[in-house]
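A quick write-up on the structure given underneath.
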Amino acid sequence: MSAIVEAEALGRWYGEVVGLGDLTVSIEPGITGLVGPNGAGKSTFMKLMVGELRPHRGSITVLGHRPFGSRPLYRRLGFCPQQDALYEHQSGRAFVRDIMRLAGFPRKEADRRAVAAMERVGLAEAMDRKVSDYSKGMRQRTRLAQAVAHDPEIIVADEPLTGLDPIARRQTLELFRALANDGKSVILSSHVLHEVESLTDTMVLIHRGRLLAQGNVRDVRRLINKHPSRVHLKARDPRGLASRLLDEPYVNAVSLSGDGEGLLVETLDVGTFHQRFAAVAGEADAGVRSLVSDDASLEAVFDYLVG
Amino acid sequence: MRARTHTEIYRPFRGAISASAARASTLAWSGVRVGFKRKLPMLFLFAIPLIATIVGAFQIQLKFDALSKELSFITADDADVQAKMANQFVANGLAELLGSVEQIILTTLGTLQFFVVLAMGWYGTGLIAEDKRLRAHLLYFARPITRWTYLRGKLGTVLFWGSCVVVGPVTVMCGTAVFASPEWSFLTDRWQLILKLEGYALLWVVVHALLVLAVSSVCRLRNQALAGLFGIYFLMSIAGELLAWLFDSANWRLLSLVRNFERLSEALFGIASGEVTWGLEASLWALAAFCGLCLVVLDAQIKKMELGR
Amino acid sequence: MKSSHAPTADGGTVPAAPGRPSSPAPSIVRLRGLVKSYGDVQALRGVDMDLPPGPVGLLGPNGAGKTTLISLLLGLLEPTAGEASVAGLTPTTRKSRVEIRKRVGYMPESDCLLPGMTAVELVSTLARLTGLGKQDAMTRAHEVLDYVELEEARYRPLDGYSTGMKQRLKLAQALVHDPDLLLLDEPTNGLDPKGRRHMLGLVEDLGRNQGKNVLLCSHLLPDVERTCDHVVVIVEGRAVLQGSIAELTAAEATRLRVQTDERDGDLWRALEERGYRCETPDEEPAMGPTQRGFLATLPDGRSDADEICAIAAQIDAPLLQIEPVRRSLEQVFLTAVDGRGEDQR
Amino acid sequence: MYLLELLRGAWLIYRMHLGTVVGSRRTIAALVLAAVPVVIAALAAHFGPDEIEGETFFVNIGLVLALGFSVPLLSVSLGVGVVASEAEGRTITYPFTRPIPRASLFLGRWLASLTLLAFLVGSCVLGMAMAANVRSTVPEEYVFQCLVACLMGVTVYSLGSAVIGTLFKRGLVIALGYAFAIEVLLSILPGSGRKLTLQHYLRSIFLDGREGRFGIDENIATTLLIPADDAMVRLWVTAGVLLVLGAYTVTRKQFVLSS
């Protein structure tokens, strides 16, 4: 699959403040989570992606276009900005309709799309009310509606889940999944890592304006050798299982937890562990109840890498 | 749950929470301290009032200086009649001189008017508007304070800055007069005048502070509020003058704050400006009504803020 | 505290009936049929609530009445009807409503911080507004700033603070008068993972170790799950669900979530042959070739996963995860909201 | 092709924002501002000294109040926000990530402001003419020329303010400073400095060789005004340059939005 976003030694400053230092990354189709601590440069990267800013060094192409002011690209891209700004005087529907007019649709078609998009983000009932009366979550969803209404190939969404209540969060996540199922690409940033993880395994981790990691979360976890992988087990007979596991060469350490049925395994070769565990547990007859690797999550990877 | 240690231990508070704390003054003082943080605007805002005060004080000093020279010259003469005449003359001159002190002070205040409104506006218009914009009032109203305390606190801050540019100069100039007058005569003979001057300055500040806060409470942005303040201030004067001219009745000038204070100073110090035709009570009523209006606006707005809107 | 849906339907078994002799220390917040209306609009339509000690999560969709409830607990509003007692005070008179705020600390959601001040100034001023003496206020300000780990920055103006520092400062000011009840409105808003963990660590410490009654409002249910013992769900002005999180999200005994790699399908088929019932998890609709595992119900008589391990070993599939299915707090919340929504219709 | 897209985009933006412009609070303020000179003119016409003719009255009041006050003030206050208000409101992202030329935002929003300005200034001039008619009938060509001068004035002033607003952060202050401090200073100073002011050309259009006939303020009368046609040409050229400058700026400039 060819990359949809290619950044090469990308840098952007705000005066003396660095937004993005030196970023080389290529993003492939599908859902990609853009994560990183505050001030890492996620928003700057997204702004460069949609051509709100121009790079100071390096280059960026999206679908083969240089984004700044590129009209062909804007037909294929939708952007949901982070800042809570809308044209306050109009209704959500009118807002999306006007934006769709700018996207090149005739009047009726624009209105049809606006209505469809507002329904899609769950604002069907509120769409004829003024934007200024909306709650924070509704405004966020209105911004999302204008980003998806024209059926773009790529949706870039900067923190699209902030301010949403759990119900709206769920709806929005479903919307992203549905978009991905339709073959669209979604690039989204969020601080809430487990939500990103529920959407996708592919992530781009930016830290201090540079690329820190990219790819599938589990693969990335396996690349981190500094910290042995930790797997939590629960069994009827944890001691038996523990002694059996200690015989395996890839297991570095096993410790028992206080409650008498938990077991913590540390291994530097988690791939083999998973591969062999079924056989080991089958032999041991220890009554395995659960097996959870608690540091294979995006959050754990994030912590190990960002520190 | 990941293990985590907090070596920094939370310590419970063992002291007492007093029921009668001076909460308003705490709030006022915190507002003043924020104002002190930025030095440059302070320099610009206070430079002109400061210069005017120094000039005023200098004038007063000069007058008394001249007087004391005459005095020493005359008392050197030992002839009885001449001495009596001289004393008479000195007393007259002194009275005239002392009378003109208030003239100097009021003129200085008149010239300063615009800068005073500017200074009070600069420091005051942000007080409530910024709170509203940043929703900082949520922090204040989560404390055991009432709306009235909040208002007093904010008023205190504006009064402080207003006093710096109005009551301060008046005090300095009165002080100069006291020290320059022979035998503290300004203090002993005319202490009522000093009180009246200070009272007048204080009233001036209070009324304008209320206006500043009322404007601040209806705006969301400080700049808007500042523009609004000047808008209202000048609009009232212009409307008063215009209506007075149109309907040929000077009473319309009651609309103008400036004119009302002129009337007040005429009554207090007997310095006629000629254009004021109505009675003192009318002016007092006008000022009271104006303050009442400001308070009503403030109360409504602060009520909304207390409810967290 | 026993978990229960819609206490009104339960005939008042939960919360405990007043005056019951066995009832423990009175809870800090006690609401009975609390109603608050603005004109014709009813924001709260009869809330019954007893706040258990420790950290409690307050959940609810937007517009459910959470903000009104917080204002009431802060003594900013007077209840229209019903009984309320906050820290032993009833917010019916103006005086007691002001008094309540000496016992309650509030961390608002919005930014709130005036530029120009420093952290020490802000916190000590707010402490003095609460009624602490001058020395007390300064000592306390430094203590709570230490507690939230605002180091040298406390002497700098707030203008340059990062989001994480601002949030911690807001927590510090809520703590300065050592209140019995802490109302935290979205304390993790806008924080990155590290900042969020820090904040949650503080909230947990306050609730669990320092004996504060913490009411945590958050849209991020995992945060609530992580820090709180209990939840209260408010929907359309009523507390439709309150109970302990551990009970509400108790694990099921016989359903396991099983995950391998690409061979998910193979294992699925192999398990079904042995009498397991397999299904795709419902909370995450399948997207393309799923690698997210499936749910397997154990056949009768089995209580562990040894057989699954054996089967996996036979077909040589790696085992990435075996875990008893647990209702997530999100599911609990969504069910509560849906149930309520249907009642209304 | 680009031009066609530009015009289409500008038209869409124009349609989007005409509503905003007409309904906003700023417009109401502008309406009040525009009404003030008319009210003053009406009052002056009624109560002023009797010996002044209608046309003299109209020319004087048109020069001072319409050309000298209303036109620059309204144009600046409405013109500065053309692009700047979108950048300050942080909504500029929406039009800029759509397949329209960036310049069409400038063009469209400026045209929307211009529509309102033309309406305001036009009614202002007509109101003044009506006020002057109380004294004696004002010749139609005076009114017409005043109208032309005012329309040219709002065009150039608003374009200039729009460009300033796009380029600088404190656009309003700079534009107001130019219109009311620098221009006034230049026209008071002797020498050719006044040829750099817009007022000079606007007066030329308005008076069109009739200066000195109405007992006008000496300063203006002694100014060597140029024929109206020349003035028109120069203003059009200025407007063209400003338009291109604005369009180019918007096309190239990156707007860093505070978050």
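Observations, loosely collected:
Per-chain residue numbering starts at 1, and chain names A, B, C and D are given in the order in which the chains are listed.
By our rule, contacts are C-beta pairs under 8 Å (C-beta built on N, C-alpha and C of every residue); 3 or more make two chains touch, one makes a residue touch a chain.
Please read these numbers as outputs of a predicted model, since none were measured by experiment.
Under the contact definition, subunit A and subunit D share no contacting chain.
Relative to the C-alpha centre of subunit A, the farthest chain centre belongs to B. Mean C-alpha positions place subunit B and subunit D at a centre distance of 41 Å. Each chain gets one centre point, the mean of its Cα atoms, and the points for subunit B and subunit C are 51 Å apart.
Note on chain placement: the centre of subunit C and the centre of subunit D lie 58 Å apart, centres being C-alpha means. Annotation: 24 Å between the Cα-based centres of subunit A and subunit C. Not a single residue in subunit D touches at least two other chains.
Listing the residues of subunit A that touch subunit C in their complex gives 36-39, 135-138, 162-170, 174, 177, 180-181, 191-194, 198, 201, 235-236, 271, 274-275, 277-279, 281-282, 285-293, 296, 299, 302-303, 306. For subunit B in complex with subunit C, the touching residues are 1-2, 4, 6, 8-13, 15-19, 21, 23, 26-27, 30, 33-34, 37-38, 130-131, 134-136, 138-146, 306-308. Of all residues in subunit C, those touching subunit A in their complex are 59-63, 162-164, 189-196, 219-222, 256, 284-285, 287-288, 291, 303-306, 309-313, 316-324, 330, 333-334, 337.
Partner subunit D is touched in their complex by these residues of subunit A: 14, 43, 50-54, 68-69, 71-72, 74-75, 77-79, 81-83, 85-87, 89-90, 98-99, 101-104, 146. Across the complex, subunit A is touched by residues 5, 9, 12-13, 15-16, 19-20, 23-24, 89-91, 93-102, 251, 254-257, 259 of subunit D.
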